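Every chain is named by a letter (A, B and C) in the order it is written, and numbering of its residues begins at 1.
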Amino acid sequence: MNGKPSNPSSLTRQGMDYGETADVQEVHAAIQREKREPRVGLEPLSIWLIAVYGLAIFAGGAYLGRYSGNFSGDSLDIAYIPVKKTGPGGGPGGVTEAPLTPHDRGKKIFAANCQTCHQANGEGVPGQYPPLAGSEFTNGGSRRMAMIVMKGLQGPVKVKGQMYGTAVMQPWDKTLADQKIADVITYERSEWGNNASPVTAEQIAALRKELASHPESYSEHDILAAPDQDLPSGGAPAGNGPPKPGEAAKPAPPK
Amino acid sequence: MTSATDIPLKQPAISATAGDAEQLERAIIDASTRVPVLMFYASAMVWLLIGTLLAGFVSFDLHSPDWFSNVSFLTWGRLRPVEMNVMIYGWASMVGMGTAIWLMARLCRTTLRHPLLLVTGTCFWNIGVLVGVIAILMGYSTGYQWLEFPPYAALILLVAYALIISWAILMFRFRRGEQIYITQWYLLGAFLWFPWLYAATQVMLFVAPVQGVMQAVVGWWYANNLLFLWLGAIGLGTAYYMIPKVIGRPVYSYHLATIGFWTYALFSSWTGMQRLVDGPFPAWMITASISATILTIIPVATVGLNHHMTMQGYFPVMRYSPTLRFTVFGAMSYTIFSIVGILISLRSTARYLHFTEANVAYSQIGLYAFFTMIMFGSMYYIVPRLVGREWRYATLIKLHFWASAYGIGLLSLMLLVGGLVQGSSQDDPTLPFIESLQSVLPYLRGLSLAALLLTASHFIFAFHFGLMLFGLGRTSTVPTFLNPVEPEGSEPQL
Amino acid sequence: MKGLIPLFIGLFGTFAFSWVGLTVIPNIQIGALNPQISPDDENDIYPMPQSGMVQLGRQVYAANGCIYCHSRQLRPDYASADLDRVRDAGPSPRPKWGERRSAPRDYVFDQPVLLGEERMGPDLADLGKAAPSAEESPAASPAAPAQSPSPAANTASPKPGAGGAPPSPAPPAMATNPSPTPNPNGTPPAYSEAWHHRHLYSPRSMSADTRDSNMPAYRFLYEKRRITGERSADALQLTGADAPPAGWEVVPTYEAKCLVAYLMAQDQSHPLKEVKSAPGAAPAAGSPAAQPGAPAASPAGSQPAAPKK
């Protein structure tokens, strides 16, 4: 059935058989000359190949073991494995450690909100942000300080003999809750060598009511017009306006 | 055992030739596969030409960026995804399916039934790719690499695929012979993995989208699996058929083939995160992919050794057989492809190669140097059997091979070295960022040169294929060799 | 292989292994993240869902293939120099590429998530952050005002006076810059809205020196039209060869505005508990300690931020 093998001498250009034509039968020549369909031999594995396998498995496995971060969904960095909570299962909202003191809470709030301007050491930035350490506002009556924190302060202000005027302090009454304002003021009044009375959430709540009709931020003049007294304790509003100068503030703020 | 000088090319040794009945069977099978396979090949060739021209334009635009900036559908950012999608879904998938169909028919030793399924499938697939391409050009790209076709185009592709896979299942159901040959494992794998892959991805990204960065994970899981489990599997399966078939020897070892196949399936599918090294993901996912990439040394070594030992003593056949030449080139490129994959994955080297052209090099080596070259080889083998003619001009085949080989070689070199240069510059924070672009520009010009070579190569092949398609091939009993064969004992021909 | 059943089981099994391992399990781990709410301040939520223009801008970004040249993710400091880099434009000190690496939580509202594939151009994760603030010359501000979680996310307090401002609230998504100070050579201030428009229209006109970028010019996003009445406030300030002829102006289309809104909204500077911040930045909201307000629905066994190394 095979076609006759071509005569070598009849080969022309490129070794191809341009002359040969229709000696193609029902089964065309391409199939005729084909080898049989492929089959598979059964040579055994080479030992060197097994060595290669071993090396690859070792390398891949070692890499996996070293850099997987415990297969946790939270460890993004290869060398940073998050520490699990030691308390009994911390669900959202559950606090398992001992509750923080107002001082600690205040410190956190300070760090998150106030520190960038007033600095971690409470010294502020000359010309821009007044210091809180040793300042007459921080160490004096809590009313003035609370007013500043609640409603903000604009314009030049003299603190510890220096003028600060280029910056503006934003009001915090809308962004921080009463407890937080109280905590941060308490912290500031007891940190960096300050030693002034703490402030409670009730006092701030009362002050908030009192200042509700005062929308804008204060200027130094407004603050100095308020009495340099602590806020009245017990939550009772002290009247419709700032207490008159000379009126004593009630001591003994609750812890 | 015949030695190298004894290659029974012109006069097959009796022991190697199949019996008459088997020949007749093959002829009938081939005749039945004619229309569907040629339809796939013809569509694929058209998309190849379109994709090559786009690739040339995309490459030029990288260093001469002011062409056509007024036109929205000619902007680089839209043509680049169009080019990649045309090459993958238009060219690679279609030529892969064409070859796979012929191989399935031959290996199942049954004639192709229900060709209408395949013909309809081809038409739908072409429509799907066309719709997707137009959508991207009009500005509806989804933004995911290699998944830029909007969901409606993807749906058309899935419908087309459903037709094709129904056919594949029927063929397999009616197969003859007890053994399932290696190639069939790979092809079955590819046919089953692709729809699952594509459908799952479409669902997880577009129908019920996962949240946030998981979309990127799914996207790259898909892209790498497309390259490995769809195209790569078809490529490897084809190589396992063509190499032993052309030289007439059995594949070296069944055990190697088994190990190679299963480790390939197991490890390659985990490599998706290698494109997202050090990204915003839990470290274990990235590490898992890097480990899997390291472990792909196993299938690469196995398959490489298997092919090498099969070819032992028969390497000179590459001098003559275009099929063997292209296929061996592709199979060797598979090794290089894996090495580059390891380089871009390991965190220490990814520092210099991530976010650079090296990623493009990796994709192109896989898509072209590995898969496309094997497919070219298979086309050189299959097409004569479908049209009953031989390839007309050996010179054109040689030009095709060398232009492609040099083209992809130059492309890979330019992009890998360029990527390294770019990455090194990016890693130095004292240099302004523009410096990294400047450092890679010469390599991008080299890339354009490579694109020219590839364009020439593809047009040559397209012309040659067109001749075959229109019955203008050589009528001959002798295949088209790349070089003259010296018969034993006679003087060398000039 | 003789058995068909083992073959199919194997094919199914190997693929299922990767599908489950690489997509399903990670989806359980990071596929349902919630934005972080600072325990100190219920209004400090990061990330926030973005405005409609920003969402549309994301579509424009995706449709025009920006991911092929720009990334939007910052790699950690041990793996790359991303966090040491500064941008190429702008007055000294130039804005950094970012303060910390990117985390999955940064992208919870992104759909599609456009992490980017290559860096032919710079990373864009913190591009909005690089924009000049509403006041002039942010150079005089204190060390890290914009890094602490901004408590007043919704208040827009008026800021009279120039120079170092207290922590400004995060600008709303459409950061309009009504009167940016132009640079001496007439280009808009770096990374402002006007700068982005001009950069998109004509990237090579922004080159500081002879080294050109190869970014395509997105002129089809802009409209050249006759000036009717007054010059539009949106009109681009173009010079040289790009400038339109007298009586004409170049204005951005709605798509261009959305794209720029998207670019200006790129800001990953907000600290996250799970990510180590840059040294010198304010600590993440809720320093290491009890986390009563830990992000809801974290994966089982949530944890506080580990003590910094």
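Points worth noting:
Going forward, a residue touches a chain if its C-beta (ideal position, glycine included) is under 8 Å from a C-beta of that chain, and two chains touch if they have at least 3 such contacts.
Keep in mind the model is a prediction, meaning the values are calculated, not measured.
Comparing chain C-alpha centroids with the centroid of the full set of protein C-alpha atoms picks out C as the closest.
Summarising the inter-chain layout, the chain whose CA centre lies farthest from the centre of chain A is B.
If you average the Cα atoms of chain A and of chain C, the two centres end up 16 Å apart.
With centres set at the average Cα position, the gap from chain B to chain C is 37 Å. The distance from the centre of chain A to the centre of chain B, with each centre set as the mean of the Cα atoms, comes to 46 Å. For chain B, the set of residues touching two or more other chains reads 280-282, 288, 347. Residue positions of chain C touching 2 or more other chains, listed in rising order: 26, 29-30, 76, 101, 103-104. Counting only residues that touch two or more partner chains, chain A has 72-74, 76-78. By the touch criterion given at the top, residues 1-2, 4, 7-8, 10-12, 14-15, 17-19, 21-23, 26-27, 29-33, 60-69, 71, 73, 75-76, 79-81, 84-88, 101-122, 203-204, 207, 211, 213-220 of chain C touch chain B in their complex. Interface residues of chain A, counted against chain C in their complex, comprise 72-74, 76-85, 89-90, 92-97, 100, 108-109, 111-113, 115-117, 125, 128-129, 152, 154, 166-172, 174-176, 180. The part of chain A that touches chain B in the complex is made up of residues 1-3, 5-6, 8, 11, 14-18, 20-24, 26-46, 49, 52-53, 55-57, 59-61, 63-64, 66-78. For chain B in complex with chain A, the residues that touch the partner chain are 10-12, 16-18, 20, 22-24, 26-27, 30, 106-107, 181-183, 240-241, 244-248, 250-257, 259, 280-284, 287-288, 290-292, 294-295, 297-298, 301-302, 305, 309, 347, 384-385, 388, 390, 394-395, 474-481, 483-485, 487, 490, 493. Considering their complex, residues 61-63, 65-66, 69-72, 75-78, 80-81, 139-145, 178-180, 185, 188-189, 192-193, 196-197, 200, 204-205, 209-218, 221, 225, 229, 258, 262, 265-266, 269-270, 272-273, 275-282, 285, 288-289, 347, 350-351, 354-357, 359-360, 422, 426-429, 432-438, 440-441 of chain B touch chain C.
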